[in-house]
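Structures are listed in the sections that come next.
Note that subunit A is present in both complexes that follow, paired respectively with subunit B and with subunit C.
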Partner chain A sequence: MTAILESLDPRVKRMGITAENLNAFPTPPENDQFATYQVIIEPKEGKGYESAGIVHAPDAEIAFLFGKEQYSRRFTCSGMAVAATADVLASPFTENKISVYDLLEYASLEENNSAGEFYEVFHLYKRGKQHSHWGRVKAVNPEQALYEAKEAYDHSKPVYNIWLIASDNIFFADENIKQIWDTLPLKTHRDVRDYKAQDKINAYKERIKSNL
Partner chain B sequence: MNQLAIKELLYKIADDQLILGHRNSEWTGVGPTLEEDIAFSSMAQDKVGQSLAFYKLLHNMGENDPDTVAFMRNAEQFHNCQLVELPSGEYDFSLIRHFLFDFAESARFRRLSESSVKDIADVANKLKGEIKYHTMHANIWIKKLGNATDESIERLQSALNYAFPYALGIFEKSPFETDLIENGVFVGEAQLQEEWLEEVQNVINQTQLILPTVTDEEIKYGGRIGKHTNHLQPLLTEMSEVFKIDPTAEW
Partner chain C sequence: MYGGGNSFEHLDLDRSLENEDPQLLAEFEARIARGEKIEPSDWMPALYRKQLIRMIEQHAHSEIIGALPEGTWITRAPGFKRKMALMAKVQDEVGHAQLLYAAAETLGKPREKMIEDLINGKSKYSNIFNYPAYTWADSTVISWLVDAGAIVNQLANSKGSYGPYCRALDRICAEEAFHLKYGHHSVIHLSTGSAKQREMVQAALNRWWTPLMHFFGPPDKMSTHTEILTRWKVKMSTNDENRQQFLDMYVPKIWDLGLTIPDPNLKKNETTEKWEYTEPDWEEFKRVINGDGPCNKERLAVRRRAEERGAWVRKAIMKPVEKPVTPLA
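== the complex of A and B ==
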C-alpha cells in the first residue's frame, strides 16, 4: 500500500492515506450543517458595508466569530455585521440597465400611524458583484420599505437586486470591539504580494541558462 | 535592572505562545466545522506571530535570532508552562485550554502594556486587539457549550478538571519576581493569577460548570524552569522537522 498523499507536513504523512483506506473515512449524516448567516463587512472606515459571503453557524454571535476569520483576513477592516440568511428578503433580479425599482408596482399605501420598524437596504449595482449597503428606511412592512427606498434613492445607477433586512435582525459590531482588526494590516503573510517569487524564479532560470 | 529578569519574562511569554500556537494548529483541516477550523487555525497563527514579536525583543537583547531560538532548542531549554504542551486531545480540552490560557494572556498583556520597559509595553499594546478576539472566541464557546446539553457540559467539566491544575501552573513565580515588580516591569504572577481567576470565575458562573478546587501540591509547576511533561520533546521534534532539513535555507 503506497500513500497517495505526499506531503512535507508530518501530520499529513502520519495519516497514511492510501488508495485502499481512502473510503474508510466515515460519511457524514445528511443535513448536519448549521444554518447560514450573511457576513457584511466594512473594509475601511467610511467606505460602507458590503456583503462578503456566508458562514454556517448555530447563532448570530458565533456567525460573527466565524465571519471575522473567513472574511476579514487581509488588508484592513473597520466593521462587520451578520444576519441570518432566512431574515434577508430579496427582490427578483433584473439586468440590461433595467433597475429592479422600475418593476415595482405599488398598491396605494394606506396612511399608517403605527410606529413601523427600520430596514437596512442593500443594492446590487453590478451582476456578479456583492450587495452594498445603501441605507436605512422606516416602514410598517417590507413592501412599504421598498417603496420608501425607491422614493429616497437617487437612481443614479440601476439596481439589479435589492436586499431588505429588518434592522432588528442584523447585528453590527460594537465600537469597542473594533480593535480586533488592529493588527490586520500587519498580516501581509496572508497576501500573495508578500511572496516575491518572481525574483527567485528569474534567478533560477538564469542559473539554469548559464549552466547549459 | 537585571537583564536576566526581563529575558526570563520574555522567554516564558514567547515559549507559551509558540507551543500553544503549534498545538492549536494541529486542528487545521480536522476542526469540528469548516468555519471553526479556520477561526481556530487563524488564532494559532496569531499565537506564533505573537511569539515572534517577543523573540525579536529577545534578539534585540542579544539572544539568538528567532528561528534558531524557536527551532533549535531542546525541551529543557523551553520556559513554557506545561498546560500549553499537553496533547490537543478532543475539542473539549482544546477549547478549555484556549479559554484558560487566553484569559491569562489577556490579563498579562493588560499589565504589560503599563510596563516600565517601553518596548514590552509597545508590543503588548499592539497585540491587545488580537487577544481580545481570542478571549471573545473562548468566552462565547464556553458559555454556549457550558449551558447546552448534558454531554457538552460533562465533557467541558471533565476537561476543566483535568486542565485547571495545569492552568494554575501558568503563574509559577520567576526567581526574579521582586526585581520585576520593584522596577515596574511587570506586576508579578501572584497579582496576575488573582485578576485571571476573577475573570475566569465570572465566565464559569454564567455556565453550569464548576471551577475545581485544587490544593497547592496539585498545581503543575516546573515548566518555567525547564521541567516538562513527556509531550514537549516530540512536539519540538515535529515542529522543527522541516527547518532542520536545512537550517540555512531561505524561505
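== the complex of A and C ==
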C-alpha cells in the first residue's frame, strides 16, 4: 500500500491521499464543461441593472444560485437576472466616441409588430466598464430590435457595444424572493468595520511603557 | 450582430510579434496608449493573449490553492467568530478563483483545461502556497501579510489594459479589504496577548518572511519580457516596485506591534527612500517553483482529490453543451 502523504492538513489523512494522487490527471472530454451564464445585478432599488460577470452552470436555475453566491455574497443588491451567454446577441465594438448605433444599417420594418417579441437592450457607455440595462423594445427579429432601440434612444452618450437578449431568455428574480438579500447586513464578520483594533495596540504600548 | 459569446477555435498563440499585421498592431497599441481597455472580441497580438492567459490563469490557481493552507485551519480556529471569518475568507478566495478563471476564459482557454493544467503541474501558482501553516499564528500571518502582498499586486494590475481582468480585480480588491483587516486584527490579538502568543506569532513571521520576499518575484534585473508587457499594460509595475511598496506599507505596521523582522539588514535608505534588505535565497525560489517545495505535492494531491470527489456531482447535473462558447465579458 502506498504511504499516505505526510502533511499538517487533516484532510490528507482523512481522505487517505497518497502519492498515487500525483499521477497524470486524465484529460476530460472536450465538451465536459458547463455552459456560461451572464449574471446581471441591480445594485440598489431603482439604480438599474448592470452586467456583473459570468458563472458556469448546467441551467438557469443553478446559474441564479451560483450568481447569488458569486456576485451578491459580499455586496448586497436588490435584484438579479441570468441569461445563457449563447442567448446574448452582441454588436461589434466601437471606439473614439463613435456610437455603434451610427454604424447600423436601417432594417426593413415589418408593418405589423404585434407578432414580435420583447428584447432587453444593454448598452456599454464606456469601454472597460460593464454593460447596463437601457430598456426593452418589441420587434420581429434582432435586427429590427436594434433599429427600434436606435429610434428610442436619446443618443446623449455614445454606445460602444450593444447586447440584445430576448426577454423570454432572461430570468429575473421574482419580487417575492428579494428577501434573500436581507440577511447580508447582519453578517458583520464580513465587514472591515468589525475589525477595529487600534485601542488594543495603544493599550499594549501603554503596558510595555509602564513595565519599563 | 453575433450571438452565443465569442469563439476562438483557431487560436495561434505561438505567432511571433514580427508576423503580426503591422496596422492592426499599431491600432491596438494606440488604443492602449489612449487608456482604453481591450475587450475579448478586439484584435490582439498572440503574445498579448498568451501572456494574459498565463498570468490570469496563474492568478486563479493561486486563489484556489491559496485557500488550502488557510482552509485547513477553519475547524481549529480559536472561537466561533474567528471560524466564521476564516470560513468567509476562504469562500471569498475560491470565489476570486472563479472570477479569474472566467476572465481567462474570455481569452479562449476553457476553465476545465486550466484546472487540468493545474493538477498536471503544467501551469504554476504562487510559490508562497507551497509552504506549510504549522500553527494558528501562521494562518493569521497569511491572512494579513500574504493578502497584503496580493493587494499590492492586484491594485497595480487592476489599472491594466484587459477589460475582463480589470473588472475581476476591481471586485477582488474590494473584497480583499476585509481579509486584510481580519488578518491584521488576528495578528494584533496574538501580538498583544500572552508571552506564548507573541512567541507563536513571531515564529510564524520568521517562517513566512522569506516566502513573502519571494512573493513579488525575482529582482527586475533577473526578469525578462518586461518592456513590451509594460507598454501593453499587461504588467503595471515591476517586481521590485511591488516589493518596495509592500515594505513601505507593512514594515512600520509590523514594527508597531513590537515584532522583529528576521532580516538584520532591513532598513529604509533615507537618501534613496528605498528599502534595503538581504536578498532572499533565489535558488530556493527556483526549487520550489519547479515542484520541490515543502507542500507542492500535497497541494496538488488535495486539489486533485477534490476534483475527483466532485466529479459525480458535475456528472449528475451536466447537460453537455454542443459547442462551448467563451464568456462575453
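Everything that follows uses one rule, which is that the second predicted complex is superposed on the first by the 147 of 212 C-alpha atoms of A that agree within 3 Å, B and C clash if a C-alpha of one lies under 4 Å from a C-alpha of the other, contacts with A are read in each partner's own complex, and residues count from 1 in each chain.
The rule is short, and it goes like this: a residue touches a chain if its C-beta (ideal position, glycine included) is under 8 Å from a C-beta of that chain, and two chains touch if they have at least 3 such contacts.
Values in this document were obtained by computation on a predicted structure and should not be read as measured data.
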item: Touching partner for A:L164 - first (subunit B), second (subunit C), both, neither; value: second
item: Touched partner set for A:F25, first subunit B, second subunit C, both or neither; value: second
item: Contacts of A:V192 with subunit B and subunit C, given as first, second, both or neither; value: second
item: First (subunit B), second (subunit C), both or neither touched by A:T183; value: first
item: Partner chain in contact with A:S51 - subunit B first, subunit C second, else both or neither; value: second
item: Contacts of A:P142 with subunit B and subunit C, given as first, second, both or neither; value: second
item: Which of subunit B and subunit C A:S91 touches, first, second, both or neither; value: second
item: First, second, both or neither for A:E69, with subunit B first and subunit C second; value: both
item: Partner chain in contact with A:S7 - subunit B first, subunit C second, else both or neither; value: second
item: Residues of subunit A that lie at the interface with subunit B and also at the interface with subunit C; value: 8, 10-11, 34, 55-56, 58-59, 62, 69-70, 73, 187
item: Residues of subunit C that touch subunit A when the two form their complex; value: 1-5, 31, 36-37, 39, 41-42, 68-69, 72, 75, 81, 84-85, 88, 91-92, 95, 98-99, 102, 105, 110-112, 116, 119-120, 132-134, 163, 166-168, 171, 174-175, 177-178, 181-182, 184-185, 188-189, 191-192, 256-258, 295, 297-298, 300-302, 304-305, 307, 309, 314, 317-329
item: Complex contact set, residues of subunit A against subunit B; value: 8, 10-11, 34, 55-59, 61-62, 65-66, 68-70, 73, 177, 179-183, 187
item: Partner subunit A, residues of subunit B touching it in the complex; value: 26, 33-36, 38-39, 42-43, 49, 126-130, 132-133, 136-137, 140-141, 144, 238, 241-242
item: Subunit C partner contacts - residues on subunit A that touch it in the complex; value: 5, 7-12, 15, 17-19, 21-22, 24-25, 27-28, 30-36, 38, 51, 53-56, 58-59, 62, 69-70, 73-75, 85-93, 95, 127-131, 142-143, 146, 161, 163-164, 187, 189-192, 194-197, 200-201, 203-204, 208
